[in-house]
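Both complexes below contain chain A, partnered by chain B and then by chain C.
This part shows the complex of A and B:
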């Protein structure tokens, strides 16, 4: 049983083995979004605000915030975006950058316990990111690659993850505050990518006993009907032990697959969350009419 | 239809009974379907019939790959299918390459490609490599995490037309400028076409670091590479013909 707690000033959520699966909304990210990148660079965060609200409404439990725009002042923009998002919602955030100065700027303005995304097994990275994570008492996403690259062998990636967890301990960061990203590769380019990821997730869960997250939609890169593969992967990954994913909650298959998997894994008592989410609203006409008649009877 | 059914019910086609035109058409189909062995067999037959290696390359393999590339761009074919086609092309190229070298035929182009220092991501780069190879380019892949010295050494050694750099991180992509600036200092920048690509990049960034082109995806990388090499060789017309 491992629980990773992340939170804002007013709200905490838990990523954990026996907990409902956590969706970290991926939309606030300018990579591959030309308009958003241009707007963010100019200090126009209206789309960021809309993306935040829409993802929360769609069922995101946390939001990833990334400001990776080429030739822009990423630390400043990331800090501004975090402040903006925290001013409109108490949903916890995942501070996402490969630039240490940006992570630092983000952590300095963040209210609560953030999830830092990310650190790799590269020693230089560990030495820069881990003290920041410790200083701000945050949790951190650990990506299972190191200087030598991304191994196709899940057992090699397991060893990298294990070393990151050990190094985290050297900096005084508990294993429950390290969420490992097994690195999901496109199955269209590497045919064994699905099996590799599932095997690694299982080992991370049962042997290293850590929580896990991933960019789930990577799995379907280059394929038609990506939603189908994404949904299947999410369900299978949850069965293998994955406890969160950075994904798009506006995509129906993400919500269907994760809530459905929660039901099947026994993490949705009486299927209450599933029913609440998908109960058909009473239709106008017969159902609505019945409601009116009943209330009339009650009044009479 | 599953492979088993195909094996049972589809009549074996004897490529050697086809006329040249029929055979070329069949090879287009075989490449499109990623049939590695069949494409090599077709290549062997054309060579036996006296086709010059460069004619097989241009009229069959490159032309066939252009069909694959167009359908990939239009969303009809998908990554695994393109990789199979590129793999089939690679098999046929292995047959042709020694013959092309013998006759001193100029290849469509040569590219040295690698991921920049500090970055270990290579799936995108590998896709570009395979698509380039499929389009008839000679590709020298120098792998991941390349300091500027590696690029310079590879340029010196292989004398390519193109240098391709890839990065997946906002932290590593500025290194492209380091490489290009070093090439400028050494006075060799203009000896090469420099192409850059990777998820966090954009057009503006490509221009800012001084690259000749930003490649949004692997198919576009091939298109840009072809047209810039052709332009360089003073036959821009051929690229669009």
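This part shows the complex of A and C:
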């Protein structure tokens, strides 16, 4: 039984075994979103605000915030975006950057216990990121690769994750504050990527006994009907022991797969959340509107 | 590695470990379909023919055929329906009745190796059904309940399944010709039904080493957005080892959950089937038309 608590100033959520699955909204990320990237670079965060509200309305339990824009002042933008999002919602945030200075800037303005995304098993990274995580009493996403790269052997990735958890302890960070990302590769490129991820998630849950998360939509990169693959993967990963994912709550398949898996794993007593969600009229506002537009487009 | 081969006069399919998941179309069944029941009773099988064509167009690998109509001559109707369906398609059939005389009438006209649905662990049933299965060299669906009823303990249901496989051997029927139905109960009524089914499927696959099937949509009986629960359940059940299901291939969630699980379990090399299915325009004809109508209705 491992609980990872993250929170804002006003609200805490728990990622944990036997807990309902946690969806970390993936939308606030300029990667591959030219308009958003241009707006964020100019300090126009209106779309960020809309994405935050939409994902929360659609059922996100936390929000990932990423400001990775080429040639932009990522630390400043990330800090500004975090302050903006925290000014409109008490939903906990996942501070997402590959640049340590940006993680630091984000942590310095963040109110509450953040989830830092991410640290790898590379020693230089560990020595830069872990002290920040400890200083701000945050939790951290640990990606199971290291100096040797990303192994296609889930057992090698397990050993990397194990070492990150051990190194975290050296910095005074408890295992329950390390959420391991098994690193999901596109099944269209690596045919065994699904089996690798599911096997690794199971070992992380049963042997290392840590919480897990992943960028779920990576699994379907390059394939048609991506949401179909993403949904199947999420349900199977939850069955393997995954306790959270960075995903798009505006996609019906993501909601069905995760809330449905909670029902089937016995984490939705009397199916109360499922019935409430689907008996009531759909959430209104941009979240629902965009969800429907995307659904229609996918089915057109 | 257990392969269950069923077939028509012209075509064989294999239900097996490491094989692509087998969808047995559930639509040719008057239960809860008043119009179809009335038509079948009058000998009008036009809707049966349309349901057969639609399910095959939507990707069914086999078709379940049920003629359970109150106060009707079920053996005659079932035999007529089987002859009609076999006259228009070489897709293998699952002969579905709780009445032994109907199973017998169906087997007598069936061309090929049928899947008989079903026999329970009740001794009287075993002694009536198993000789028929053996005589016609068919395969049989074994439902894991007996004189004591349906246990909520998956380990008790496992022992019932084990005994049916042993009794089948007494009648000269090989274990590979017994496909066990773990008996999926509605999770809305029995909150642990999902966990029970998943645990039992895993034991049937890893310990008894038999193929499995189930009426997948039972899991969502009484809940809203049933297809969402059905899809999550199918992906999780395939991950647990389930190798076939009686389900509705016209429902997008069923297709996504099963073809998606095949992709993620490494049973769709290079994702070729997935890409072919979703890159091409949707199947034309009634199957596609009805699938779309149902999709819209569910989302209305």
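Some observations on this one:
Just so it is clear, the second predicted complex is superposed on the first by the 279 of 300 C-alpha atoms of A that agree within 3 Å, B and C clash if a C-alpha of one lies under 4 Å from a C-alpha of the other, contacts with A are read in each partner's own complex, and residues count from 1 in each chain.
Note that in this section a contact is a pair of C-beta atoms (placed from the backbone, for glycine too) under 8 Å apart; a residue touches a chain by one contact, two chains touch by 3 or more.
All values reported here derive from a predicted model rather than from experimental measurement.
After overlaying the two complexes on the shared chain, residue contacts for A:163 are found with neither chain B nor chain C. Shared-chain residue A:223: touches chain B and chain C both. Looking at the shared chain after the overlay, A:150 reaches chain B, while chain C stays out of its contact range.
Of the two partner chains placed around the shared chain by superposition, chain C is the only one that A:270 touches, whereas chain B remains out of contact. Touch criterion met: A:71 reaches chain B, while chain C stays clear of it.
In the superposition on chain A, contact of A:188 is made with both chain B and chain C.
When chain A is checked against chain B and against chain C, the one touching more of its residues turns out to be C. In the superposition on chain A, contact of A:34 is made with chain B only, not with chain C.
Once the two complexes are overlaid on chain A, the chain A residues touched by chain B in the first and by chain C in the second are 188, 191, 223-224.
Listed in rising order, the residues of chain A touching chain B in the complex are 31-32, 34, 37, 68-71, 74, 97-99, 145-150, 185-186, 188-191, 221-224. For chain B in complex with chain A, the touching residues are 75, 78-80, 83, 120-123, 126-127, 144-145, 169-173, 199-202, 204-205, 208. Interface residues of chain C, counted against chain A in their complex, comprise 187-188, 191-192, 194-195, 198, 219, 223-225, 227-229, 231-233, 235-236, 238-240, 252-253, 255-257, 259-261, 263-266, 269-271, 274-275, 277-279, 292, 295, 299.
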